[in-house]
Structure formats: structure tokens, C-alpha cells
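The following pair of complexes shares a single chain, subunit A, combined with subunit B in the former and subunit C in the latter.
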Partner chain A sequence: MTTMTQNRFELFVNDVKKRSFGTRTDAAISTVVLILLAYIIWTVVDWALIRAVWSKENVEACRLEDAGACWSIIDARHRIILFGLYPFEQHWRSTLACLSIIATVIISCIPFMWTTKRLAASWIIGFAAYYLLMEGSLIGLQQVTTDQWGGLSLTLFMFASVVLLGMPMGLALALMRRSEMPVLRIFASILIDTVRSLPLLVTLFTAAVVFPIILPDWLQGDKIWRVIVAFALFFACYQAEVLRGGFQAIPKGQFEAGKALGISYANILFRIILPQVFRYALPSTINMVVITFKETAIVIIIGFFEILASTNAAYGTGEWTSYYKEALLFAAGIYWIFLFSLGRYGEYLKTRMTVASR
Partner chain B sequence: MISKFVKFASMATMALAIPSMASAEISPTVKQIQDRGTMLCSGHNGSYYGFVEVNDKNEWKGLDIDLCRAMTTAILGDPTKAQIVPLSWAQRFPALQSGDVDIIIKATGWTMGRDTEVGLQFSMPYFFGGAQFMAHGDLGITEAQELEGGTVCVEAGTTIERIVANHLQTLGVEHTMVSYEKAAELQAAYLANRCDAFAAWGPFLAVLRATQLENPDAHVILSDQLSNEPISAAMRQGDDGFVDMANWMLAALLIAEEEGVTMANVDEMAANPPNAKVARLLGTDPGMGARLGLRDTWAKEMIAAMGNYGEIYHRNLGENSPYKLERGLNNLWSHGGVLYAPQLD
Partner chain C sequence: MALTTEELRARSKRRKISIQVAIVAIVVTTIIALVWNTTNQLEKQGLTSGFDFLERSIGWGYSFSLIERSIQDTYSKTLLIGFLNTIFVGFIAIILSTIFGFAIGTAKDSNNLTMKSVATIYIQIFRNIPLILQVIFLYAVIINLPSSRQAYSVFDVIFLSNRGLMLPTLNIPLSVVFWLVVLSIGFAIFLIRSKRLSLLPGIGAWIVAVIVACALAVMIFGEPDQAALSIPALKGLRFVGGLNVSIELVTMTIAIVLYGSAYIAEVVRGGLKEVPKGLIEAGQALGLSSRVIWSRIKLPMSLRTIIPPLGNQWIFIMKGTTIGIAIGFSDLFYIVSTSITQSGQTLELIALLAGAFLLVNFSLAQFINWLNSSLKLKAH
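Now for the complex of A and B:
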């Protein structure tokens, strides 16, 4: 193993030598670029780490002339960014709830879990755990209503529920759209095209703000669910088109061959067609999921205290408003951790599936 | 003589009004609040300096929040029964119409369009904010009259630009006006001493001075109030009883300040009221409650929980806050401001 990494490292060095320092001009340009890069990195490190102030007790030091980043704001206000308006003494619940969603996502990434039953079980357990912990009244804890949910835990919840609801809906729509029954086909294509021609913001605003005016009380439900369902529908319509691309990549002959062998529709679909569809649609699906994670920030406009709103609240007070950069960087860091891991996981899946198809 | 007549007339009308009031139904919104056991107020999707913020304990704070808590105490007797619903600016009026909130106390200006077309009803104003100047302290000036020959910076294309030009023209002050496209540019220009003064919304200037500038004491907000927007609580049209309640909640906070009733001395004042007005206000003499369909001690409980108007102001915008915003117009009429309470009879 060590010899291999050493070998790789040598190869890398040789390659750099050949490509970037081959001629004098190349060497000069490379040196200038490297110096510039080093300078930028140094400036950032100097600001963010070396001259930074770390604890909220030292906040006075942030006001000094040569102070760097003031991470005191994170020390003092990170709970707002993470948990929004959730009651302070109950934050352990919000933490556990977050972990249960993250754990569920990680668990369902393991190939061992990839059967419908196992996946369904883990998601139902993960979700129930989240809801019971956050809401509380059903397991004898203090009740916390959904308008107090917020921060990272709300963002994760919205993201997970949108994808979870949207995926099967998207699959159903994709199947309907290529169904042989005209009613289903026409219904699906009209629905998909209608939703896709509406801006997400309008859809969510309607669900959150307009529905309570026009619907009777018993049909309204909690605002958060209306928004999640609307968001999931939106996701589903795009995902249906992504999956349609996957379906089109599969030769019709496979279906016909399956039928000729007397295999049932469900078996053809779930054992022959869908595994291939998902393989073809994987890059775009990962793309959709990543975009959805970021788009959850839109719910700020209908008054949800998701992570960006809570970051805004974290620096939105007289004592801390000068340090908005640090707070926003912190929030960006959180996004990066989640989305980068998601992207890497997508890469892993692709390699895995290429191996499988060989 | 006249006042005697007025007194007589008002007593006569009151006597006539009592039977109809006794049969008058309690406001539907108040009924809902009492049945629900919580009052739904507007919060913000983030924070609006001094008015709606979140403290280190993940709880709402701010002038608007405190007023909501005061009103909740008046109706339900407990400030913690206020439930603050986060709302964006765009969402606040539909949310009120659909019943997501009972009242909007959210730095909302009282305008004709909102009062008529949008279908809202406004309380009396509880805050006045408008365009003001901020100047470098070393100039040693305190009012716009002294800006003679100076350079004034404003944001281009805003109403403030016109208001400033108008105001300085009226005062006959010779000046050079420089406008900038963005607030950030404007701020930078001011800090680089390219302008002697700059004009913006008063509370915004105060926040800027308190938080973004290296040395707040080196800048002074001039006393001139160039324009004025009344900030009121907004309610659904058609619930007059609830509007009355909002008005009298604000009135009670102002009367308390006028009479020197504070969070600290309210119990003492209630036990030994210095005059009949305080006795009535704090429920030592009965009458305050029945008229609004509340307890006689609602104002006392409210002040015990949140303090009088001055205390609420200083906690959130004034001297006890990071912003140190002068009372200015938002002082009692007897102290040079424009806030006044209707008569408590």
C-alpha cells in the first residue's frame, strides 16, 4: 500500500514537473500563479485562523484593529443557526432528531439496505423518531409546535421529507406518463407540464398562504405539511422527467422479451427495468437531490425559520451585526459538508454501478 | 366651564351607552384568543433590528415582540402565552386574513391603501420613524440648519432624496447633494469623509451608528425629522372590539409612563395610588376591565410583566439597547414627542 501511494506521489510530481515547469516560460508562469495562490491562501488562513477570535468571552478583542475573523458569534449564536426558535432547554431533542435523520440517510446509503422493506422500515423509524422528538407531546415531552422548529434541523427535515415523498411520486408519474392507458398518460403529462411551468416560489406561496384562505379548516393541516407536499409534488414532476430519460435509454425489446417469457408486469418493472433506469438516471437524480437541498432555503419567504433565516437572525442583533460574514460562512460550511458528501456518494454509486454492469 | 360641560356630556353618553355595552358581544378575535389560550402574533423570517430579533436563548425579543407580549398579558394574563409566528414581509397581510395570526405588530406603516383596499384596521401609532441625517461629530453640529455649505449624501432615486432636497430648500441651506446607487457605497463615501452628512431612515441610522461604525461617538444623528411614517398594529377589518383593545393597551402603556408607573413600582402604586387616574388604570378602582370585557387588573398585570412604554422602548431601541436611539418623536407629548394617550375617564 505504502509503495503504491509513494509511487503515485512520484508520478504526480513527475507529471507536474513535465507539464508546469517544462520550459522557462511555463516555469515562470507557474511560479507566479503559485505565489499568488500561496498569498491568497495565507490571507485567508491568517484571517480565518491565526488572527481570529474564538470565544464569546473575548468578543472585545474582535473590535481591535488587527482582529481577524470573529468566531465568537458562532460560539454565542450557533444554537440559533442550528435550531432556530426551538426552546433552549429542549435542544437535546432537536439534536437527537437531526442525528436520526442523518443516520437514516447514511443507513439507506449502504447497499445492504437496498430492499424495499429495509429502506421503508429505516425511513419510517427515522422519520417517526424525528417527529416524536421534535413535536414531543406524543411521548410525554413538552409540546413544541412546528412554527418553533427551525435552523438546520428544519432544513434537514424539509429536505428529507421532500425527497422521500417526491421520489415515489416521481416514479409513479413517470410510469403513468408512459402508461398505455390514455387517461393516465394524459393526466400525468398535463400535471407534470403544469407544475413545471409554475415557479417553485409561487407553488409554495400558494400552499402556505393562499390555501388557508380558500380551504375549509379540516382540510388545511399544518402549514409545514402543506408546504412539504407542494414541494414534493414539484420535485416529483422534475424527477419524473429525469426517470423518463432513464426509461427511454432501455430498449423496448427487454419489456417484450419479459412478456414473452410470461414474467409478470411487476417483476419486469422491478427486477429488470427499474434497476437499469436508476443507473441511467443516477447522475441527474443526484443533481436533483442536491438542488433540492439548496432550494429548501426558498421557504424563508413563507416564514419558515430554516438555516438561512436563522443565520440572518443570529447576526441580526446590535451586538453581532458586524460579524455577519462569519455567520454566513458557518452556514455555507454546513451546506458544503452535506452537499459535498452527497456528491461524493454519487461518485461512489457510479463506480459501483459501472462495476456491476461490466 | 367648557370642560365641565364636556364632562357632563360624556357622562351622559356613558350612562346611555352602558346598557348597549353590557349587551355588546365580546370581540370575536378576543374570544378566539381566549378559547385557544394563546395569542398569535407576527414574528419575522430572520431579524429586524430593534423591532423583531432573537436573543441568545433562541427567544424572540424586540419592541414589536414586547408589545405583542403586553397585549397577550392584557388578554390572557400571561406574557408567555404569546405565540410568535415567523412571517416574511410579503406574507404578513394574507397571514392575517387567513387567521394564521391575530394581529400584525411588525414595523408596519399605516397607509391609506392598507387601511382600505387591503382590508385592514389600524391601531393608533405606537412608533414614528422617518428620514434623518447623520453627521460627523467633529463638525460640532446638531441640526440641519448648520449644514450650510456642506455636502449631503443620499441614496439615489429614493423618496428620501426628494425629502432631503425639499427640507434643505425650505430651510434655505446652501448645500451640495451627492447621490449613490447603493446603501453600501453611500456608507463608504460617508466614512471616507466625502460627505458631511447623510440621510436615511432614522432607526437604520441609529443601528448603523451603534454597530457598523468603529467609533459610534464620533457620529451624531441630527435632531431634524424630515419625514414621518406612523407605525401601527394592523388587525382584520370588522372587529372593532379588538381594535379598541389594541388602542387601550397602547394607551395604558403611555399613561403608565406619564404617571411614572413602572415594572418595579406597579404593585406599590396599585396599593397606594397617587391619584384617581392611576387608581383607575391599575384596577384599584374598578371599571377598566368591564368596558373591554377583561379583568380590572389587566393593565397592572401588563405593566408588571413588560413595563411601561418608555421601559419597552429603552430596552429594545433606547439607552438599554445597543442602538441608543433617542426618543425624539417617540417621546410623550409632555416631553416633546408626539405620543399621547386618549383620555382615561
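Now for the complex of A and C:
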């Protein structure tokens, strides 16, 4: 056993040697780059780990000349970053609600779940669990209105509702765009192309400030819902193009065969075509989900108290102002873990599918 | 009663037409209802619609402008300044992220494991953090830099402090700089169209031409008693000479370039990977060096696959400039949103904003199509 691992290790070292130091130029470049990299990594590790102060009890140590990162701010203020202005003694609800969304995302990554019904069911259940826990009044807990939601939980809420609303909208738009009826086709094309060439921020801003003017009062709803609907429209327009790519991969003959057998349009679509479309479009769909999660950060500009805004608030008070780096890095770390793992998963699926189709 | 094929066809046709008529009717009614509701609402709030406000003066200040401005300017001039700022930062970011993206993408594609890993780390860090978070972080870091007196310097020529970046400049008027930029872009387009030079010699010729043009401009338009270069120097508490780039612009450029180049690197890597292995092996068999293989075989061959997704990234970067509002950079979005608070002309301003972005992104898409068709291999 030990000899085998040793062997493997030797092989690995030899591979690194050959591929980094094979020729003289390669060796020179590698040495310079490695020295630079080592310097950067050392600086970061020294600041973030070795000289760092960890607990909120010894904040005083942060003010010393040679103190590194002051993670005390995270120790002391992480609840604000994660949950915003949500009532303090109800934070367990926020925690559970966030976990239910994260669990939903993880569950939908399992191939067993990849049928329309199962996916739809898990997202609706996960979202409902989130909403019931956060809002509270429907299951006999203390009511907490949406304006008190904040931090990571608000980010996850926007993300989940955008994906949940946007997916059927995107499917509808994709079907309209390839419909035989010119009116539907033109309508969908104009909508998709316009939304796709506008910055997301402009779309969201329009929803926040223009809808109150052009819509009658009874149709306006909360600002958060207006922004979510606009965000879902953005998601849908991109997703429609992703699905269109999937549709193009499917031979026309399948549709015609279904028709010749007298199967209804809905059955052809949902039983024959769509399962294949979704399979083809899966990597790009995951990419869209990643982009959506990343873009939720910009709702801070429209005035929502999502994780970035709550992070700003966490270091905004007098005592903590000089530790902005630590707080922002904490928020960046949360985004990074989520986006990196989803992205890697998408890559893995892509290679798996290209291997399978060879 | 069995229906004939003709009758079935006619029935399906009738159904399709009635569905479409119904949809048109619904859309038209909705639009009429919205317009009616909007006019009512505006009347209730005592707002007048129309574009007359464009001639009023603004009465508020903002952070950045390429041309002379004051708070007495009209709304139309201020909006134009915002538009110029968006285009300006967008183009700088596009050019720089394309250059860095190609460098990092090539590193990621290289055989050298060290280069490859460093490129991967770079891409994974900057791609997986929202752009706005990077902008806010960088802005917080730059605003907390030491003041001018303890500025970081590179060879005492470039300085970075909490007052911004000081760069050396040519001693020529700003209008000449503008025409130099226009000329160099024109020359680049000419080089691409004429196809006389291949890619790398073409870029080389372009750089030489730009340097010669700058030298000529200094000789003709420069003040005779001054040095050719104006180098920033610390006098008392502030810098004299050179060009001061504001911290907002520095932050926006660096953050967008870091983020955009990570995306473009992936695009470039994907394109380089698509080049058939046989071509590279043929080059190796002919004894070409790896540099020549890269510049004569890999890059030209992969450009066809790179350009379309690269164009998408350019549009993406252009759209990304809107987050400048988070740090108070006065791009078009910032100007429009401030104008809305100040003047209340929401609908008109949003329409202008959307129109401007549609125009820019459409022109960019046209340019990419043109680039794609002029770089296409004729044999295929």
C-alpha cells in the first residue's frame, strides 16, 4: 500500500517536473511565477491566519501595530450579515429557511431528481418552507414582514423566487419564439432581444420606479415582488435562448412522428421533446443559475438589504469601520463557495455529457 | 361525422388566426389601459410629460466628466456627459480585459503546469465573486490608501494614493489627444480590412504607428518650452503635472478588467482547445517554435471560435459599467437616476437610458459581426 502511494507520488512529482521545468524557458518562467505566488500566498496567510485576531473578546488586540486580519468583526457581527434586521430571537427561523433553500439546490443536483415533476415539486416545497418559516404568521409563529428580511436570507429568497418564477416563463417564451404563429413569434423575439440587450440593473430599476407610475395601485404589490418579477423576466429571456439551443438539437422528425401518431401537442411536448431539451440544455441552465445567484448582489443599488448591504452595515458602525476588508471578504467567501461549487458541478456535467454522447 | 383533411386544415388555421387575434387584442387593450392609467397618475401628481426638461439646468454636481462641466449645465448636456463616461469606461475596460484575457487564456492553455495553475486560480477567484462586491471592496481599499504625501509610486513616475492615480502624459492639448485616438482606431480598422499583414505584425505596425503619431503630435502641437512628457511631481500636499485619474475611474477600470478578463480567458482557452491537434503536430513536425505555432497556427485558427462569445463578453462588460453608481462613478445610469430624483421625469429618462443601451449594444453587436466576417478563413 505504502509503496503504491509512494509510486503515485513519484509519478506526480515527475509529471510536475516535466511539465513545469521541462525546457529552459519553462523552468525560468515557472521559477519566477512560483516565487511571486509564494510571496503573495505568504502575505495573505500571514495576514489572514497567523497574525489574525479571532474572537470578539479581544478586539483590543486588533488595534495593535502588528495585528493581522481582525476576524472579531465576523464573530461579533455575523448575525447582521447573515440575517439583516430579522428579529434577533427568531434567527433560528432564518437559519432553517436558508438551509431549506440550500438543500433544495443540492437535491436538484442529483440525477434521480431530473424529471419535471420531481424538480418542480422540490423547488415548490423548498420555497414554501422558506416562506412559511420566514413569514411565520401562517404556521402560528410571530409574523415578520418582508421589509425586515435581510442579509444572506434575503439573497437566497430573491435567488429562489427568480429561478422558480423564471423557469416556466423562460419555457413559455422559448415555445412562443419557435411557434408557428407569427404574432407570438414576433412578440417573444422583441421581448427577449430587448431585455437581453439592457443591463439587468436598468430592468430592475425600471420595475422599481416605472411600475408605480404606469400600473394601477391594485396591481403594484410590494417593491420586492416587482423587482423579483422583473428579475425573473431577465432570467426567462436568457433561459429562453438556452432552451432554444436545446430545441435545435432535437430532430424535427420526432415532432412529426408524434403528430402522425395522433399524440396531442401537450403530450408530444412534455413527454417526448422537453425531457430531451432539458437534458441538452442542462449545463447552460446551471450556468444561468450561477449567473442569477451572482447578479442578486446588485439589488443593493435598488435599495434592498441583501447580503452586501448588510455587510456594509456590519462594518458601518464606529467601532468596526476599519475592518471593512474582513467583513467584505466574509461576504465574498460565501458567494465564492456557492458559485464555485455550482460552477464545478456544471463543468463536471458538461464533461460527463460529452463523454456519454461520443 | 368524419372530417376531410381539408376541413381539418381549415379548422386548425381558423384556430390559429383566432388565437393570434385574441393576443393582439389583449396586448393593445393592455397598452391603452396602461397609457390611460399613466396619464391619470401623472395628472394627479401634477407632473408634465415631455422632453422640455432637457433644456433646464441641473443644479447638482457629480464626480467625473471628460469635458468641461458645471452645475448650470442643461439636462441634455449632463446626460451626454454620462453617456460619454459610460462609453469611455466601457471601452477602456473592454480593451484591457481583452488583452489580459488573451494572456491568461493562453497561460491556461499552455503545457507549463505552473502557468496553468496560476491562470486557473486567477479565473476561479475573480469569476466567482459578484462584480459589484469586487467594486465595493476595491473602492474601500483605495479610499483607505495613504494620502498624496505617502503615495505608492512606480519609479517616481506613476503615483497611487487616496486622491487617485497620477500618470505621466504627453504635453499636448486634450482635443489633439481625442483626434489621435480617432486616428489610431481608424488605422486599426484599415489594417484589419486590408489584410496585408497577419495578426502579430499587424499589431506591431499599429503600435509603431501610434508611437510615431504621438511623437509627431508633441512636435507640432506641444508647447515649445516644455518637456515632451508631463510627469506628476509632489508639490506640498498635492501633485502637479501629469494626469489625475479619479479613484472612481481607477476602481471601475481595475474591477471590471479583473472580472472581465477572467471571463474572456475562459473564452480564449475554449477557442484554443478547439484547434485540431493535427495542425499543431504538423507545425511541430515542420520544426516551428512553440511561439510561431501559437501566433501562426493556434491563434488565427481559434479566432473564428473565439470572436462570437468574445463579443458577448464585450456587451456584458458594457452592461456591467452600470454598477458604477455603487461607488458614485457618474456613468449614464448614475446621471439618469439622479436626474429622476431631481426632476421627476421618470418615464422620459428611463426611455433615454434604455435607448442609449440598445444603441450601444446594437452597434457593438454589428461591429462583432463585421470583425467575425473579416477574420473568417476564406477557404471554408
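The definition used in the following text is that the second predicted complex is superposed on the first by the 290 of 358 C-alpha atoms of A that agree within 3 Å, B and C clash if a C-alpha of one lies under 4 Å from a C-alpha of the other, contacts with A are read in each partner's own complex, and residues count from 1 in each chain.
To be clear about the criterion, a contact is a pair of C-beta atoms (placed from the backbone, for glycine too) under 8 Å apart; a residue touches a chain by one contact, two chains touch by 3 or more.
As the structure is a prediction and not an experimental result, all values here were calculated from the model.
Applying the stated contact rule after C-alpha superposition, one finds that A:I213 touches each of subunit B and subunit C. Considering which of subunit B and subunit C touches more of subunit A, the answer is C. Look at A:Y345: by the touch rule set out above, it reaches neither subunit B nor subunit C. By the document's definition of touching, neither partner reaches A:Y131: not subunit B, not subunit C.
In the superposition on chain A, A:R79 contacts subunit B only, with no contact to subunit C. Residue contacts after overlaying the shared chain place A:T317 against subunit B, while subunit C stays out of touching range.
Contacts of A:F247 after superposition: neither subunit B nor subunit C is touched. In the overlay built on the shared chain, the residue A:W47 is in contact with neither subunit B nor subunit C.
Of the two partner chains, subunit B is the only one that A:T145 touches; subunit C does not reach it.
By the touch criterion stated above, A:L200 is placed in contact with subunit C alone, subunit B being left untouched. In the superposition on chain A, the residues of subunit A contacting both subunit B and subunit C are 205, 209-210, 213, 300-301, 312, 322. Chain contact summary for the complex, subunit A toward subunit C: residues 15-16, 19-20, 22, 26, 29-30, 33-34, 37, 180-184, 187, 194, 197-202, 205-206, 209-210, 213-216, 294-298, 300-301, 308, 312, 322, 324-325, 328-329, 331-332, 335-336, 339-340, 343.
The part of subunit C that touches subunit A in the complex is made up of residues 16, 19-20, 23-24, 27, 34, 37-38, 41-42, 111-115, 118, 124-125, 127-134, 136-137, 140-141, 144, 315, 319-320, 322-323, 325-326, 333, 337, 340, 346-347, 350, 353-354, 357-358, 361-362. Subunit B contributes residues 43-50, 53-60, 83-88, 90-91, 94-95, 97-100, 207, 210-212, 321-323 to its touches with subunit A in the complex. Listed in rising order, the residues of subunit A touching subunit B in the complex are 76-77, 79-80, 83-88, 91, 145, 147, 150, 205, 208-210, 212-213, 223, 300-305, 309-310, 312-314, 316-319, 321-322.
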